[in-house]
Structures are given as structure tokens and as C-alpha cells.
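Across the two complexes that follow, chain A remains constant while its partner is chain B and subsequently chain C.
Moving on, here comes the complex of A and B:
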């Protein structure tokens, strides 16, 4: 474990009556990173963030910020700040008053407060005239920016985000994701973000933690989580995926009930006598034809074709269940539904998930 | 949908009928109050403001008004304070039997007030408390505080608890949160609760009848004078009471408006 980390969690347990929401969580967050915790609803991510900002008490374990233990510090005395899912902008105050709220609590002079608020309006690309606007006069995207400005006015050691973009429409969400990433780069602050949206996590984060039933399934950089998941859960959570059972006999010969395997093909991590799942993402699967030979091939009937915008998704019914293939629109397949197709992929584009024997 | 001509006429007629139904009795009392005659009779032969003069000078009237006003103001202040904390307890905290308690405290509203008044009188007697305007305050509170709590609760339920959490997260302590966030957000509810509490107490007859003992409130006196020894001051005081309530509502609206413009002016100035 990295003891130079900004925020450290050690064996954090949270119980609600008989229900254990967090089952002993360890985590290190490095200063300046954009760290995202992703998980389905009920995975414990909301519980975790409430503990981190101090709105709930943990049952066991400890939380450290730099060299100080903070799990017993009340929320109002912690140097961290959160952007709420509902944004929690004060409806009885103007945009300016909202942004200045943390500064007012610190008894800063009105002129200094105003100057800082205007700086923040500039930083978030809101016109300075918004200072006197009521919250009810702001659009959804503008409110996001005001909430961010207010959190930045607090100047926290860590800025937490509790799914603040989840209520917005797709286009605005995409814009704000990029803006957040950009804001992170410009401010150099440590961002800790929770979301159930993999896409959001992938776009913005330096590192991602995947949460499942109260523990972290995997913590890694976004790319690694996508291409080298440690379990079926992570693989399936991180978007469309094809998984095939593989086993190796004691001599190291790899066999599959579904895939036709080229002689001599080796799979990383698959030791003699072991078994597990071979993962291949839909965009790496090719339609066979012509001279090209693949490490793994299988045949099925074309079941469906779906346009996803820039890409086209194909579903192919095989003896091993439905296999998903994605192609760029320009590489569209010339085949109609019900036709026999052969698909293949090479060992290099796969990832093997070992299962306990 | 555009309203057709015939529908519009029906709506106007309906509106006028409702207004007439509601206000005709009040208007006739107002006319009676400016009649010179000692007894209520129509048509009015001679008009005069004589009874208003007498009412203003009468010591009975000033005593009545003082008692009614004291009771109403006390009931209002206590109800609003109780309502504020009661509403927060319901809207903010989860505790066992919360919903049961919530229903139980609203029950007095559905009690016939005369029965409630009698029950309270018997209760005071058995405790050895001599009924006076002070016991009337207690009686009014039993009925009015739940109503005020209900009004503030509606407001408390509609505001996001995350607002208080956000304030705490940014460094605000309990009292600062109460002053900066909770109170201002509940204020519209508290103003309506105060108005209701005042008017319900001011106009209350059945509870006062049983619990004021030797003291008398305005509605009690009005009733007493109707059933025995009619006084020409009855319509006069009736009108004065209505006008007083009306002025109170106007004042409250004016204060609310001033507060809002003041806040906006301050916001614009900052």
C-alpha cells in the first residue's frame, strides 16, 4: 500500500442493522488524480462517499487524509467538499450568494468574496452577469457549473462528486464530462467521482474502481479495466463482451466446447490443468472469409443487426450462445439475417480470466 | 381551449353567485352596524356611526379585544415554535412510531371542538386549575398547534435534505444551518401557519366558551349578547373583527413582500 497517498481507507466496514453495505474496503487515492468509483445501484458506492465526506459514521476501520485520521471528524470540519446528485443549490440565494456561501462561513470580506466568485464564474465559463441571477433562472447545465463553482470556492483538499450528471440529457452530459475533465486538469485538484455509468468513468478518470456488493472488484487505470478485467462481473459491467469457457489439460492442450482453436495457440494466464473465461470485446471480432486464418473461430447464424450511430452491432447465434460483433459503419457486412457466418479473432486481442480451480 | 361565449357567461354567473353567497351576510352585518336603531331590522331607516364611537369608548370592548388579542398572539407564537420543531422532527428524522405519532397528534383536529372544550374543562377541574384566558390558550393550542404543524410540515417535506447536508459539508454548524438554510426555506410555511393560528384562535368560539372561565373573548361575548340582552354593538364588533383579520392578512402579505424585495435589493447591491 502506498503510504504517500492523499486519502487512505483501511478496512472500512459499514453496517446498517444486519446488512453489511461495505465489507472491509481498502483504498489509496493519490493527490491530483481523477478517481472514479463505478458500480451498479446497491453496490455500496453511495454509502462509501457519504462516509468519506462525513455524513455517516463507519462501523469499523479508519480513513486518513494525509497524516491525520478523519473518520471521527464531523463533516463541517473536514477539508473536503461534495457536489451532490441533486446539486443542493440553495434556492433562496442568488448564484453569487451560493458561490460565496463557504467564504461567508469563513468570514471573508464581501469584496474578497465577490472577487473570488467572479473568478470562479470565469473559470466555469459563466457570464459575470449571472452573479445576481436566481437559481430558478438557471438551466440544468448552468446549475451544474454553479454547484462546481461553489465547491471550488470552498477550496477543498478533495472534491467529491455524487453522480451529479445523472439527471441531464445525453448531449449535455457528454459536454459536461469533457468540461469536468478539463476543469480537473486546470485546477490540479483531487477529484473523487462516483457513478453507475461506465462511459462517464471512462471519459474522465485516471483510475477507476469497480464496486460490487460492498467491496472493490478491481482498481486500475481505465484502459486496463476495459481490456483486462479480473472477473466476469467487471468484464460484463464494462460494456459489451463475449466470454467463452476454456480449459487446459495437464499437458497444456487448450480445449473449448464452442471455439475451434488453431493448433499451437497459447493463452496467457492459462496454466496446465486450469480453466476460465476467454474474453474478447465485440470490436475485436472479425468476420472470416478469404485467406486470413484466426487463432479462434466459430460459426453461427446472423441473428440481428443494430445501428449504434458510428458503429454497427451484429448478433450471431452460435452453439455457445449469442456472440456480439461490432464494426465501423464503413466496414459494414454484406450479409442478411439468417445467413451462416464464420467469425474469428486472435489470441492477442483476447484476455483470459482465470477461475479458481 | 378557447372558452365559448355561453361557457363564459355561465362561469361569470356562477362566480357572482358564489361571491354573493359568501359575502351577503357580511355585508348585511356591515349595514346593521351603521344603523341608528337599537335592534337589527331591515331596511335601515337612519344611518349613523354612533355605535362605532361607543365601541371604541367602551371599556367592555377594550377588555374583550385585549383578552382575544392576548390569547391569539400567545397561541400564534407558541404554535409556530411548536410547528417548526415538530415539522423538522417529522420531515428530517426517522424514528420508530414516527408515522403513528404523526397521525395521533393530528387527531384533535377531527374532534368536535365542543366535546374537546368540555373534556379540557373537566381535565382542568380535576387538576384544580381555575379556568381563565390562560387555560383558553392551552385549549386553543391543543386544536391549533397540530394544524400549524401540518402546514409547516408540508413545506418541510418539500425541501431537499441535501441542502442542509451541503451547508454542513461546506463548514456550517447546526445553528448556522438553521439560520441560513432551514429557517429561510421554511419561512413561507411559518408565515401561513402563523396566519392560520391567529385567525383560528381569534375567531374561536367553542373552545373558548368552555375554557375561559370568568374571562371572555370577543366571539363569546358576541354569542352571549345574541342569546340574551342584544347589544347594538354586536354587528359593530363583528365588522371590526373582520376588518381586523383582514388588516392582519394584508400586513402579513406586505411584510412578505418587503422581505422579498429587501433580499433582492441586498442581492443586487452585493
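Moving on, here comes the complex of A and C:
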């Protein structure tokens, strides 16, 4: 057992009647990291955070905080705290009273409480005059900051987040994502964040866990999740991706039903007799032209062209299905719909996902 | 166009306004004027002398008022304590069973209050359903709990339970589950969650329920007459007697005015303290 981890989960199982929401989850969270658990709805991430916070009981397994087992400790005695999706601010209290709530429970003196509340308002860049404001007078972003301040006032060992940004509009969400990352750096606290958006996770996290049907599909740093996913599920979870089936015969010769492969090309992790998926992100696919020869090429007809702001996305219909290509605006392709195009990419920009034989 | 709307609005509110003035305000004004008339007159054209208010203090009617208010207060407090867990369950725990409970409680209102109270008399009296059976089986009897103050309070609690239960359940339904869990997560004990989160957020329901049951209980007379055997006299009983046997309309009016002012003041104070729109399901 890795004793350097702050929070450890061992064989955590949660069943609701016949339905198993968590199928034996193991996890180590290191002190001070920003750890994000990502998964589609129904993947068990909300169930997991409810167990971590103490709002639900586990069926099997254990949860450890430092050297103590905490899964039987009630939520109000755990040194952890959660920012709710709804924020769960207390509408009958002012901003200041909300922030001071955990301090008041600990019977801290009013002056000390006030000082701490003002410190937290400063930390979250809210004016001190907000101390006496009512919650109903605060905007969505301000409420978010009040909820954060209240959680920080509790001074938890671990701060949990249950999709607190999901109800906000896009621009505010982007701003708050960066603020949250910044706040993590300034406070040095351990953040465990839950979201269904891998994009959100990428912006903020040190490490990301991808959850699928009650287990972790992959736990890795953000870069690795993006560039080296372990499965089709993880690869497709992070937006657009092109996947091509590849196999190697017993002599090690690589073949594909769709791709034309340059002689002598090697693919990492593809052993003789094995098969799997070759992944290439749309931004790495090139349009063929001139002398440049690619490791992998294929032809198809240009099906559609979509403007994505700074980039343009092309969809190319091939015998192996739709292939997505993205170009910067200035590298726009001079071709019209229905035209025959050849695309290609090199082995270096691909990632091979081995499948069990 | 604007002025036409306004005219039509005034016009269409006229019938109800007339009905309210004639049937609600007018009798109240008559009672108020009668209350300052000399004793035992039947006309409003006498010289006011406020003698009825002196009688209220001289002849001990204030005791009836204090009994009524006191018993109403005690029964309201008991109702709050009894109904809180039940309302909580109705709002948060019972699912389909809430409907069954609601129908059961509402059904009891279909039977006249007096008949239900007489049912309790038959159940509790000496030789009645309970004591009679126990005496027949064991040979040992006991005194009836009837005809005392506690049984009157019991009667008030029993009769006015629905008026506390439903507003309270409404109020508790307004407490978001997340706020309760967040408070608990932030280190609050169950009691702290109750007092600092649930009670303040359910306040509109608590105030409405308490006002309804207090006001109704303060003006009740059947419980003290039927269950209490007039062990103590309720103020409503005094008012009735003054108007009927006593043939003293000014006294009855004065007693009514005192009760109206106290209860009205209390109701206004209570309502001003909470956001009634919240419980009526409207957003501000």
C-alpha cells in the first residue's frame, strides 16, 4: 500500500439493489494535487463522490485518509468538504454568515471569524462589502465564489467538487475554470473534482481518472489521457478522433482494410499476430499534395466543411467511414464538396491502442 | 387604452368589494360600535360609555381570555412538536403514502367537530369504551380523564392537527436537501442542522401553521364545553353567553373586540415576518 497518498480507496463497491454502481474501485490521491474524475452520466462518478464525502455508505471496501480509515466516519466528522453542484448556499444568511458557518460551528470568536471571512473574500476577489450582502443579491459567478470561500473556511484536508460549474454559461465557466486552477495553486489544497467534461478536466487537473460503468478506465496525467488513451472509450471521450483498425500478421507485416501503409512503417506496441486501433487526432491529419509521402494515406470524397472559429473542420467520406480533419483558418483547403481528396499522416503523430487477442 | 383597462378592472372588482364591505367589514364595525355602548342596550344610538371594557376586568372575564390564550399556546406548541416529524416524513420520506395520510387526515374533517368530540367523550368517560371494558375484564376501574384542562388541550391538539400538519409539510418541502447536506458536511450536528438550517428555511410553514392553529384554538369553545365540562370557561363561551343568555350585546361585543385585536395583531405580526409568497409557490 502506497502510504504517501493522502486519500486511498481500496476495493470500493457500491450496490443499489441489484445494480452495481461501483465495481471495486482502487484510487490513490496525492496531497496537494488537482485530481479530476471524468465520466459520462451514469458512470458512477456521483456515487463515488457521495461515498468520499460521507453522504452514502459503501457496500464493500475501504477509504483511508492518511493513516485512518474514514468510510465509517459520518460526514460531519470528516475533515473533508464538498462544493455542491447546486452550491447549497444558505439563502437565509448573508454572504458573511455563509462563509463563517463552519467557523461558528467550531465556536470561534466573532472577531476572528470576521477576519477570516474577509481574508477569504480577498482570496476569491470578492469586495469586502459583500460581507453583508444577501445570497439572492449575488450573481452566478459570485455565488460560486461564496460557496468556495465557505468550503475553504472549513479548512478541509480535501476539497471535493461536484460539477459546480455545469450550470453556468460558457464564458463564465471558462473564467472560473482558470480561477479554480489558480486558487488551487495559491491554497496548496488537495482538490478532487468531478465533471462530465473532459475539456474542463484538461484545463485544470494534474491527473485525470476516466470513469466508465463503475470502474476507472484510465488514470493518468492530462497529456497522457489526450495523446495515449488506453481504449476506444477514452479516445472518443475527448472530442473528435479518427480510429483505424490495424493488424500484424505472424511475420510482423502490418495491414489495414482502409489505410495504405508505406513499406517499412513500424507501429509501437503492435506485436506480430496482434491487432488494435490506430488513433490520430483531426489536427494531425494532412491533405496530401506535392512530393510529401506519408506513412499512412487514404482517399475519400470531401463531405462537409465546418467553421469552428480559429479552425476549420472537414469531414471526408472514406470506405472506412467518416474521417475528421482540422486545419487552421489560414491553412484552408482549396477544394469543394464532393471532390476527391487524399489525406495522410505519419506514425509519429499516432497512438496505437492494442486490443486483446 | 390604459385608462379603459383600469376602469374595467375597477368595475369587475366591484361585486366582490361590495360583498366584502357588506358581509365582512360592516358587522365588524357594528360590533366595534356596540362594544362601547352602555350595558344591555340593543341600539347603537346611545351615548358611548365604554362600561363593557370595565366589566371585562371587574367581573373576571380576563381569566377566560387568559385560559383561552394559554391553552391555545400550549396546544400550538404541542402541535409543532408532534407535527414536525410527521410533516418531515410527509415532505421527504413517505412517497405515495403521503397521499394516503393526507386523505385520511382530510377525511376526518368531513365529520362535524362536535360529533368527533362526543366520540371522544363516549370513549373516555367513566363506564365508556375504555374504562368500561377494562373494569368489566379486570374489575378495577379508574377515573375518567375528562373534565379537566389537559383533556381540553388534547381536544385542541386533536381538532386542529390538520391546520398545523399541512402548512408545516409545505414549509419543510421548501428546505433544499442540498443545504441540509452541506451544513452537515461543514461539520454541523443533527441538532445544529435542525435549528440553523431547517427551522429558519421552513419558517413560513411554521408561522402559517402556528397562526392557523393558535387563532382557531383561541376562539374555540366546543373542546372546553364538551371535553372539559366547563372546568374552565373559554372566552368564546363567554362571548356566546353574553349574546344569548346574558342578553348583553355590548359586553359580548367588547369581549369580541378584545379577542379580535389580540389575534389580529398577532396574525399581522406573524405574517409580516415571513415571505408568504414563498409558501404559496410564487416567486418574488
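One rule holds in what follows: the second predicted complex is superposed on the first by the 356 of 357 C-alpha atoms of A that agree within 3 Å, B and C clash if a C-alpha of one lies under 4 Å from a C-alpha of the other, contacts with A are read in each partner's own complex, and residues count from 1 in each chain.
What we mean here is this: a residue touches a chain if its C-beta (ideal position, glycine included) is under 8 Å from a C-beta of that chain, and two chains touch if they have at least 3 such contacts.
Owing to the predicted nature of the structure, the values given are computational and were not obtained by experimental measurement.
Asker: Return fit or clash for chain B versus chain C, each positioned on chain A through the superposition.
Answerer: clash
Asker: Answer with first, second, both or neither: which of chain B and chain C does A:102 touch in the superposed model?
Answerer: After superposing on A, A:102 lies in contact with both chain B and chain C.
Asker: A:110 contacts which: chain B (first), chain C (second), both, neither?
Answerer: Only chain B is touched by A:110; chain C is not.
Asker: State whether A:17 touches chain B only (first), chain C only (second), both chains, or neither.
Answerer: After superposing on A, A:17 lies clear of both chain B and chain C.
Asker: Just chain B (first), just chain C (second), both, or neither: which does A:264 touch?
Answerer: The answer is neither, since A:264 touches no partner chain.
Asker: After lining up the shared chain so the two structures overlap, which partner does A:309 touch, if you call chain B first and chain C second: first, second, both or neither?
Answerer: neither
Asker: Looking at chain A, does chain B or chain C touch a larger number of its residues?
Answerer: The partner that reaches more residues of chain A in the superposed model: B.
Asker: In the superposed arrangement, which partner chain does A:81 touch: chain B (first), chain C (second), both, or neither?
Answerer: both
Asker: Who does A:338 touch here: chain B (first), chain C (second), both, or neither?
Answerer: neither
Asker: Just checking: does A:94 make contact with chain B only, chain C only, both, or neither of them? Give me first, second, both or neither.
Answerer: A:94 contacts chain B only, not chain C.
Asker: Of the partners chain B and chain C, which touch A:68 in the superposed model: first, second, both, neither?
Answerer: A:68 sits against neither chain B nor chain C.
Asker: By the touch definition above, which chain A residues appear in both interfaces, chain B in one complex and chain C in the other?
Answerer: 53-55, 75-77, 81-82, 84, 86, 88, 90-92, 101-102, 105-106, 150, 154
Asker: Please give the residue numbers of chain B that touch chain A in the complex, ascending.
Answerer: For chain B paired with chain A, touching residues are 160, 162-163, 165-173, 176, 180-181, 184-185, 263, 267-268, 270.
Asker: Give the list of chain A residues in touch with chain B in this complex.
Answerer: Touching chain B from chain A are residues 53-55, 74-78, 80-82, 84-86, 88, 90-94, 96-97, 101-102, 105-106, 110, 114, 132, 150, 154.
Asker: If you look only at chain C, which of its residues touch chain A in the complex?
Answerer: 176, 178-179, 181-189, 192, 196-197, 200-201, 203
Asker: Quick check: in the complex, which residue numbers of chain A touch chain C?
Answerer: 53-55, 75-77, 81-82, 84, 86-92, 101-102, 105-106, 150-151, 154
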